[in-house]
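What follows is subunit A paired twice: with subunit B in the first complex and subunit C in the second.
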Partner chain A sequence: MIAYDVVYVRADSVDEAVTAWQQAHADGLKPAYLSGGTELLTAARENRNRPDVLVDLKRIGALRSVTESEGTLRVGACVTLTEVVEDGRFGLLSRAAGGIADRSVRNSITIGGNVCGMLPYREALLPFLVADGSATVAGPDGTRSETLEQLFSKRLLLKPGELLVSLSVPSALLRAACWYRRRERDARVDYPLLTLCALAAPGGRRMAVSGAFAYPLRDRPAEAALNGNGSPGERAAAFVAGLPNAIRSDMRAGAGYRRALLLRAVEDAIIELEAGS
Partner chain B sequence: MKRYQGVSEIELHINGRPRRVTIRPGDTLLRTLRETLGLVGTKMGCENGDCGACTVLLDGVPIKSCITLTLDAEGRDVTTIEGLSDSPIQRAFIESYGFQCGFCTPGMILNAHALLQSNPSPGAETVRSWMESNLCRCTGYEPIENAIRMAAGIDSRE
Partner chain C sequence: MPVSMSQIGRSVRRKDGPDKVRGRVRYTDDIRLPGMLHAALLTSAVAHARIRSIDIEAAAALSGVHGVFTGDHFPFRVGLYLGDKPPLAQEKVRYYGEPVAAVVADDERTALEAVRLISVGYDELPVVRSPREALDHTAPLIHPGMADYVHIPAILPEPGSNVSHRTRIRKGDAEAAFRAADVTVEGEFEFPPGDHVAMEPRVAIAEVRSDGQVVIRTSTQSPYGVRAIMSRCLDIPAGRITIIAGPVGGGFGGKAGIQLEPLAYLLSRSVGGQPVRLANTREQDMVTSPGAPGLQSRVRLAARKDGTITAAQIEFLFDSGGYADYAVNVARAAGYACTGPYNIPNVTADSLSVYTNHPFATAYRGFGHIELSYSIERSLDLLAEELQLDPVELRARNIIRAGHATPSSDVLDENTGDLERCLRRAAAAIEWDAGSRVQVDAHTVRAKGVSCYWKAPAIPTFTDAAATVSFNEDASLNVVTGAVEIGQGIFTGLAQLAAERLGIDTGQVHVVDEVITDRSPHDWTTAASRTLFMAGRAVLSAIDDAVAQIKRVAAAPLRCPEEDLEVHGGRVFIRDVPSQGLPLEEVVLGYVYPNGNAIGGPIIGRGRYIARHLTGIDPDTGQGRPGLEWTLGAEGVEVEVDVRDGRYRVLRCACAMDVGKVINPELARGQVVGAMAMGIGYTTREAFVFDSRERVLNERLRDFKIVRYGEHPRYIVDFVETPQGDGPYDARGLGEQGIVGMPGALASAFSRAVGVQLLRLPITPEYLWSEAHKASGASRSVR
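Entry: the complex of A and B
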């Protein structure tokens, strides 16, 4: 429930959405793109976010499909988590998306909303990070596609008025050996203390993490340790020591506990990916 | 492109019937169902997407109506618990003692109904993965799972 008078615009195309955002902005109002609405509605009810104009993207056909062509799998920003789980072409994404919240909520949460949201977790992004994903965004200056390495640092680096159109990964990595673990404090549906997605690509192992930090993280320099010498435990310790980021501590778990979960997960991932190769 | 501001009248399609309703853009489907249309079978629990008491079906798919705008339901079929009156799944909940206080029951029944529509003979894992969307604080989940198995015609002792 949004208790104040908000304006709602249902866009039929990406251009219409961008124009509606620009118009509201030019009128001195605060616009927000609306997708599944699961975060926006909760945040507005609690007065944590007070957009004046909601520009709904959900009925834009171009944002609603998963397509594969020319060696690339593209997931439209308004595809729901249930839909990507059931699509199944990107197994690691199906597992990571299927671990988020519960099924009824996943029927509403969209890939775009999850990746662009405010929460630290944004777990649906992890498979795209480890599979060298790219993002296509549209805004007042037109449409551009960039790798996530360029476009993601703690959050998606969107310019004012830009919206996420799709996320994509090379088809060649869809069937690469992968590994997934999610750990919660109490129930399966809780926020994760740690989610780890790992992928064995031809150039080496990669790992991306949610829950341990205040944002999803893939750190390429630290990954060198995963592919070096030493026992799996030693490599896991070197990888975690190489991460330049502070591990979170909150009411769910302290940093020491999260670090232990991370070390164990990285070691298990190395062992199981090596056993499978 | 459609724009809504202030008070508007829209048409919803609820339990097979068209209903004209006056809304504001920020209204959630939960509030519209309960407070405007008097369909109070849909329950308000956490209003945060956690408990599932507010579950309804949009085009047959379970969603939590507390985190869904009423405008999202425009042009789509809404099913509330009032639309499943005297259904096999409702009878199975009664016969299996699948409720105590009954607060979670409308959401449980709607989710279970959608599950059985999409998979008439679900295994235990599938039942759990769907039903973890709904919390019950008094019955315990076993009688609820038994009700679903009864409605699906699966022997509970299997």
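Entry: the complex of A and C
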């Protein structure tokens, strides 16, 4: 049970949502954007993170579609993971989205919720990171589109009151050879110990990782190792050694195991992407 | 109509099945009474602390709140065997999740809001992290007042220590046998506490009626136990307590004994007797209410070169957590069953229940036998490795049989099952002889493991059951017992027994599916895999009583001696002239002569059962007869492991069990498959993770994983039928047993896969990976 009152606002447009958020904020209340609701509701049940006002984005048509035009695929923030999986135009995204939670929960989780929510792993972002994706966000200062390289560091760098409108990738990369792996502690429906998305772009191989860290990471300098010489195992070791971030250790697994999973995944990705090219 | 086909050994569709699959069963959790108030708990955020202060002012001031209560309000100590637990913490908290304060409010939401407004000041105390640490003389005493606790005579607490109970087994001369042994092996094993994860969280709705009658609706396996313990600990005459137990949404031992009922009653009493609903959240059900005990154990085996085991020295340290609850008796049962189903002439064992600062432990399917079995089966594998013997043959050589004596020197009688046959069948089911370890490719290994197990009900010597049988106009029966439906299908099994006795269809037998303690006859508890056996015996006895009454009434109109009559197929008739008889409809509510005269009256059959020949066990040597009937069985599993990252699949799980007689094959198979599935979870994941201050980190289902659909292996269930002469139609208990051997068998298979003897649970991919890596350096092999 959620044991407190919330004000529920159903926005019909992005402007209306942003305005509602601002209004609540100005009134001294704590607003939150509501999408699939899976995290907000479970946190509220445990009395964590209690927003006063929920601004529901799910009815905003502009956020609910996947469109492709002018060489860009745009995924609206309120498209559910199930819809993304079934859309299939961005194969790597379909696979990454399909690895999250279970089917009935994916029917609720939206891509925006996965990327902007409270849970750290944000796996749906990994395909966009390796495909040089961009994000469009809207807020009190209007709408802006920026590359994820600029707008993402462990999380989307949103200003107060901003919401994610869509994520986009160049159509040219949708068909590039790609590779995906996800590993859990034991049960498949669980948070990842490792999720790796790899893409063979014309300029070279790229990889983005979550699970091994409590956030998605694409480290461009480290990627140089992927495209260098040496055996796949040596390149994998060099890539992992080049990642500047400490590998996560928690109740699900130690850093040593996560590192081993990561090393193997990188090596397998190199081997299989090379075999396919 | 006479039924030619026997009702025994048929997969009669379970009576509660259609409602359950349609979601129509009303569990206690579904009940809402008019005028019902709601309670919510504030639970401890720390594992061991002195309570410095509790501020309830703001909570009490909230509109809709009827009362806010702390330990000071309820100066009682309640306990199943050992009265060590206050309904709300007094002075100290002893585990993370312990109830510290309770709110009663108009609705659940207000109660939860009020709980947020309570603030507690804690002075944290040093924590006790494990049973072994608890035994250290420098360990903090978790219950310094233990000497004052009331307990039953069978429980032997050791005041001035953290030991709430110790069972000693001294059989033969283990020391001499060790001195004479060709080989000895020793192993230490351990695993953390966990939870049952029953579908229905515990719930109790208590009210105190104006005449003082205490009425409690509760999700319980033990309505009569609740009544007795509440009477004893809270000083209420037993007749002033009525417990109502409907269908339970999963028990697994977690709803045996006493749970939320005393606190629900105290809260109701404190707000004027209105019904108060105290319901666990899932998280509270996992840590606030008791779960499965953890274990640290040490086993030494002495053997001859040919593999004959001559002696065992055993130490079991059960992690009971902050309170003793059922763990004291779990330790006792594990003590007198300590060797597993093997004939070991010389045994020294100490089985202890030890306080720690973990969530407290209660009965869990298997009741100490999973823990002992894991320790013994792992030790047998160590011995097989040492002697370079086949693990199946080593077990076969040492199997216990009729005429052998248990660790408590109880000689097994002619009713003992055929364990060797079970072992051979389980081994055959996983094709043990085709290879116990097969390299599939460079990094994938398939490996197998076997185990044997036993379990008798761990029950008081006077464990009882009773039944009444009455009749309807259509001569169908109403059977009332004190047995609770906890998912096991007991009412279907009892109906089959009754129908068989009367030669009628099971559909003619209506087993009343709610236990109300003031009208259902006494029954010890629905636990210990004894309900079909004991309530079954009581039902048969009630039928026999009713049949005798039917004959008495029918003798007059049929003009013959009672002893010439037979009741079968819905008729009472003259045995040697079957055409002369009466339909039961004309007798069971009284016989009416053509002129209107009537005789007889409604027939009510009464039946009862009480356990036979049981004794306590000697406090110094453990000698005695504590086990009514031992169910023996064997399990075999096959796993596939990728040694690069420890990822595995369980491919096959086989169980062969000597159940005496299968009453309902589908229900029996369901029980065994469910038990094996639970055993996979128990072995691989279902364990609490603690932080450095012994707070539980995974108290929610997103972090505490159970086996889901899609992960299940192929289950093979095979029954052996060596009759249990005193069981109903030769049957013995089978409800728990399928889990008992699983951790041993799985650990054996996983050990064989990675080439290292695994000694602890849970066996996760990470654990397999790390051991496989150690092994690849050491080049050991596990037979």
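Definition applied: the second predicted complex is superposed on the first by the 276 of 277 C-alpha atoms of A that agree within 3 Å, B and C clash if a C-alpha of one lies under 4 Å from a C-alpha of the other, contacts with A are read in each partner's own complex, and residues count from 1 in each chain.
The definition used in the following text is that a residue touches a chain if its C-beta (ideal position, glycine included) is under 8 Å from a C-beta of that chain, and two chains touch if they have at least 3 such contacts.
All values derive from a computational prediction rather than experimental measurement.
Enquirer: Just to be sure I read the superposition right, which of the two partners does A:Ser145 touch: subunit B = first, subunit C = second, or both, or neither?
Expert: It touches nothing on subunit B or subunit C.
Enquirer: Based on the superposed arrangement, let me know which partner A:Ala11 touches: subunit B (first), subunit C (second), both, or neither?
Expert: A:Ala11 contacts subunit B only, not subunit C.
Enquirer: Does the superposition put A:Tyr257 against subunit B (first), subunit C (second), both, or neither?
Expert: The answer is second: A:Tyr257 touches subunit C but not subunit B.
Enquirer: Considering only touches as defined above, state whether A:Leu41 meets subunit B (first), subunit C (second), both or neither.
Expert: It touches subunit B, and subunit C stays clear.
Enquirer: In the overlay, answer first, second, both or neither for which of subunit B and subunit C A:Ser104 touches.
Expert: The first partner, subunit B, only.
Enquirer: Can A:Val189 be said to touch subunit B (first), subunit C (second), both, or neither?
Expert: Both partners, subunit B and subunit C.
Enquirer: So, A:Met1: does it touch subunit B (first), subunit C (second), both, or neither?
Expert: A:Met1 sits against subunit B and subunit C alike.
Enquirer: Determine, for the superposed model, which of the two partners subunit B and subunit C contacts more residues of subunit A.
Expert: After superposition, B is the partner touching more of subunit A.
Enquirer: Kindly classify A:Ser231 by the partners it touches after superposition: subunit B alone (first), subunit C alone (second), both, or neither?
Expert: neither
Enquirer: What part of subunit A is shared between its subunit B contacts and its subunit C contacts?
Expert: 1, 3-4, 42, 188-189
Enquirer: Which part of subunit C faces subunit A closely enough to touch in the complex?
Expert: Residues of subunit C touching subunit A: 108-110, 112-113, 116, 283, 644-645, 647, 684-685, 689, 697-698, 700, 702-703, 705-708, 710-711, 764-766, 769-770.
Enquirer: Flag every residue of subunit A that touches subunit C in the complex, lowest number first.
Expert: Spelled out, the residues of subunit A in touch with subunit C are 1, 3-4, 42, 46-47, 183, 185-190, 251, 253-254, 256-257, 260-261, 264.
Enquirer: Given the complex with subunit A, which residues does subunit B contribute to the contact?
Expert: Against subunit A, the touching part of subunit B is residues 1-6, 24-28, 30-31, 47-49, 52, 55, 61-64, 66-69, 71-72, 111, 129-130, 132-134.
Enquirer: Touching residues of subunit A toward subunit B in the complex: what are they?
Expert: Within the complex, subunit A contacts subunit B at residues 1-12, 16, 20, 37-38, 41-42, 44-45, 54, 56, 58, 82, 101-105, 107-108, 188-189.
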